[in-house]
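Each of the next two complexes has chain A plus one other chain: chain B in the first, chain C in the second.
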Partner chain A sequence: MISEKNHLKKSQDLVWRVINGEIVIMTSDGREIHNLNRVGSAIWELSDGTKNVNEIVSLICERFNVPFETAHSDVVEFGSQLVDKKLLEIA
Partner chain B sequence: MKSEQSTSQVEQLVKTCVRDNIPYAVQFELTTDCNLKCRHCFMVKNDDVELSTDEIKGIIDQLVEMGTFYLAFTGGEIFTRDDLFDILRYAKGKGFFLTLMTNGTLILPEHIEELKRLKPVKFEISLYGVTPETHDNITRTEGSFKQIVFAIDSLIKEGFEVIIKTPLMNLNFHESEEMEKQCAKKGVHLRMNPGIAPSRGGSTHTPQYDLSDDDLRKYLMGHELDLSYLHEKDPAQRFNCKAGKAACSITSTGLVYPCVMMPIQVGNLRQQSFKDIWKLDPCNELRRLRDLRSHDLDECSKCDLKTFCIRCPGVAHLETGDVTGASPSACRYAGMKKMLENNQQINLIQTGSEQVLSLTAL
Partner chain C sequence: MGIYNNECRLQIGDICCSLRFKDTQYCESVRNFYKDFLSKNEPDLTIEVNIVLHNEEIDIPSNILMSKTVDGNNFNFHSGLITGNIDMDKKQCIIDVKNALLKERSVRIFEQFLIQVYYTILKQKNRENVKNTSFVHGCAVSRDGCGFLFSGPSGTGKSTIAKLSSDFKILNDELVIVNRSNGNYFVRSSPFRGDFKNSINGSSPLSALFLIKHGTKNILRRISKTEFLTRFVREVIYSDSLLSTKKKESFLEMMDFCSGIADIVPFYELQFLPDKNFWDCIDNMEELT
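So, the complex of A and B:
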């Protein structure tokens, strides 16, 4: 599980594009596809290595007008999933 | 908020791209210059000013925005461009699956480390035989065989995926079996197909290098045609393709074609953005291509050779000027394939009858 102080960044060698408004990530072997929904796509885009989890949570709150707790839970859960799948890395 | 994964989603992505006209695969011709003089080359040297490094980078940016995942750089010979590695580094930084299509002769030992950093998903290299005599006769460049084999071996040693592409002609057919053996030994995929594309300059196809009927028959008796590059297993759907929908080709002067084999200009990137050409204001030719369905191909949709057909709309266009018409080369292969299968069935029936007779005799 990631912590609030962790900075998240995208793993190398993935290819990702915005397709019809949502992020589609293809793994480096071209065999796995990950489709992210609107909130997931925002978290992905904000994971640029310069922001920690709390900063991402704050930006998600602003962008989607959701309470801090909800955004926090989503970012931590989703960020952890993507770290486990090696799509995101802890910078 | 889950991320979903499955290999069938790759197919789903391709379907989405075809449906929504997202150019997920683009072939980008960086130059028409080449250091070889292959007898059968379909490329026509373009004397117009080629795209500059900055223009190419600008187009790469546009492709990211358009949703392109796969970017293949081709030529001419891409290694003749002094700025090739600058372009490749830029493209890598933008995140693409890169394919490098090259004749391999200009890949030098000092390039290997840089190529390892760039991690192209594959190299596609043209090789025309197993001897210098055959290969260099086709490239009309002495020493090219030695250089290409060196490049192939160096790339394999470093763990790169290499696909060797060999069009079979009457000039190299006699080495085709040995090609298969040597490629199998090296562990590389050999994409060997009979026939060569007509020139892109609109000249009539001169069949001087085509296989004879005897050689073609011999080849087809032992091989299925390698259609892996078409990504379409279903013959009923192979009348149409992704060109102009989810795939396109960009020339070294910035023209956009539906496919490298289909030189129908649908836009000019020096005058319009890719988004305008592809999405916002597609020209009539592009709209027509996107609207084509199997039944629009009047002659082919009724043809009884359909199940044997390897028709490529681009080759049909190059051969006849008509994307919807029959492709004479595909008709030839299909006719021969059907004849061979019929003969095989007759042989099987005859063999079966003989066995029945033998059993009866016992």
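So, the complex of A and C:
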């Protein structure tokens, strides 16, 4: 599970495209393809290695107009899943 | 220039590829296997095929494209299953192929090499060609001049669709060429077929594309572009060329290719029973909301 102080960044060697506001990611061996929903896509987009989890949560709150607790729960849970799938890395 | 006894001149889409073997009898069997796709065109590439006999058992992988290594003009597929070199200026390629790869259904794996040859020549002619052309796993049916592509991984029913559509022209039940020309998409036969033997060599404008799966009834379902791309890109054959290992670039081209199709060609998921009635669903698809 990721923590609030962790900085998240996209893993190397992935390719992705934005399709109708959602991210489609392909792993470098072509074996796995992932489709992120709009919130997941926003978390992905914001994970540039310069922002920690709390900063990403704040930006998600603004973008989707949701309470901090909701955004925090989404970012920690979803961010952890993406780290487990090796799509995001802890910088 | 005439065709040699030891030569199989194969037409793959717009590309003509000359395969030359040491054994003329073996060459004759190859010509017979690809009989609907033999060509008299000037070859874009001549491939000298040396068949390497071996005593050891070889495990044939389902995909040899991802394990390729390249060193200068030399390539090596799957730790020596196919090794060789290519000189595009001289339009010549020499390969050593392990005998096991040319037996029975393993030929389909060897055909992955020929597809990479196809992409190589296509890229050399015009880089834009590859962005608009791809091999796709699918059964293509031409009905009243309209092309219908049923795509899906092994076991989802491509050959079954072909058998159930025998009233129409079957372009191929395994691997087809999809290309974009003047803003429209076309589906075209390829020499690389599955179990259905009565396919014809031809092409049709692509009218609709279906991601197929077996079901308990015939159902046509609209899916989002994202779902379509995520599923369909798996059925596009990796579009790298022989001397390239730029996987990221190829994957992006494949994703863009799928996205481009989705912008022009109607796409659906088709769950079907093994009977001809799935065509009724397709005939009524305009009524779907």
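The rule we apply is simple: the second predicted complex is superposed on the first by the 91 of 91 C-alpha atoms of A that agree within 3 Å, B and C clash if a C-alpha of one lies under 4 Å from a C-alpha of the other, contacts with A are read in each partner's own complex, and residues count from 1 in each chain.
Assume a contact is a pair of C-beta atoms (placed from the backbone, for glycine too) under 8 Å apart; a residue touches a chain by one contact, two chains touch by 3 or more.
Computed from a predicted model, the values in this text were never measured in an experiment.
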| item | value |
| --- | --- |
| Joint occupancy of chain A by chain B and chain C, clash or fit | clash |
| Touched partner set for A:5, first chain B, second chain C, both or neither | neither |
| Which superposed partner A:78 touches (first chain B, second chain C, both, neither) | first |
| In the superposition, chain B vs chain C on chain A residues touched | B |
| Partner chain in contact with A:22 - chain B first, chain C second, else both or neither | second |
| Chain B versus chain C as contact partner of A:87, first or second or both or neither | first |
| Which of chain B and chain C A:39 touches, first, second, both or neither | first |
| Which of chain B and chain C A:13 touches, first, second, both or neither | both |
| A:30 touches, of chain B and chain C: first, second, both or neither? | both |
| Selected from 55-63, 145-153 or 271-279: the stretch of chain C that, after superposition, runs into chain B | 145-153 |
| Contact residues of chain A, present in both the chain B and the chain C interface | 13, 15, 17, 19-20, 24, 26, 30, 33-35 |
| In the complex with chain A, residue positions of chain B that touch it | 1-7, 9-10, 12-13, 16-17, 20, 22, 64-65, 67-69, 95-97, 119, 121 |
| Touching residues (chain side chain C, partner chain A) in the complex | 66, 224-227, 229-230, 233-234, 238, 247-248, 251-252, 255-256, 259 |
| Chain A to chain C touching residues, read off their complex | 13, 15, 17, 19-20, 22, 24, 26, 28-30, 33-35 |
| Of chain A, residues touching chain B in the complex | 13-20, 24-26, 30-37, 39-40, 74, 77-78, 81-82, 85, 87 |
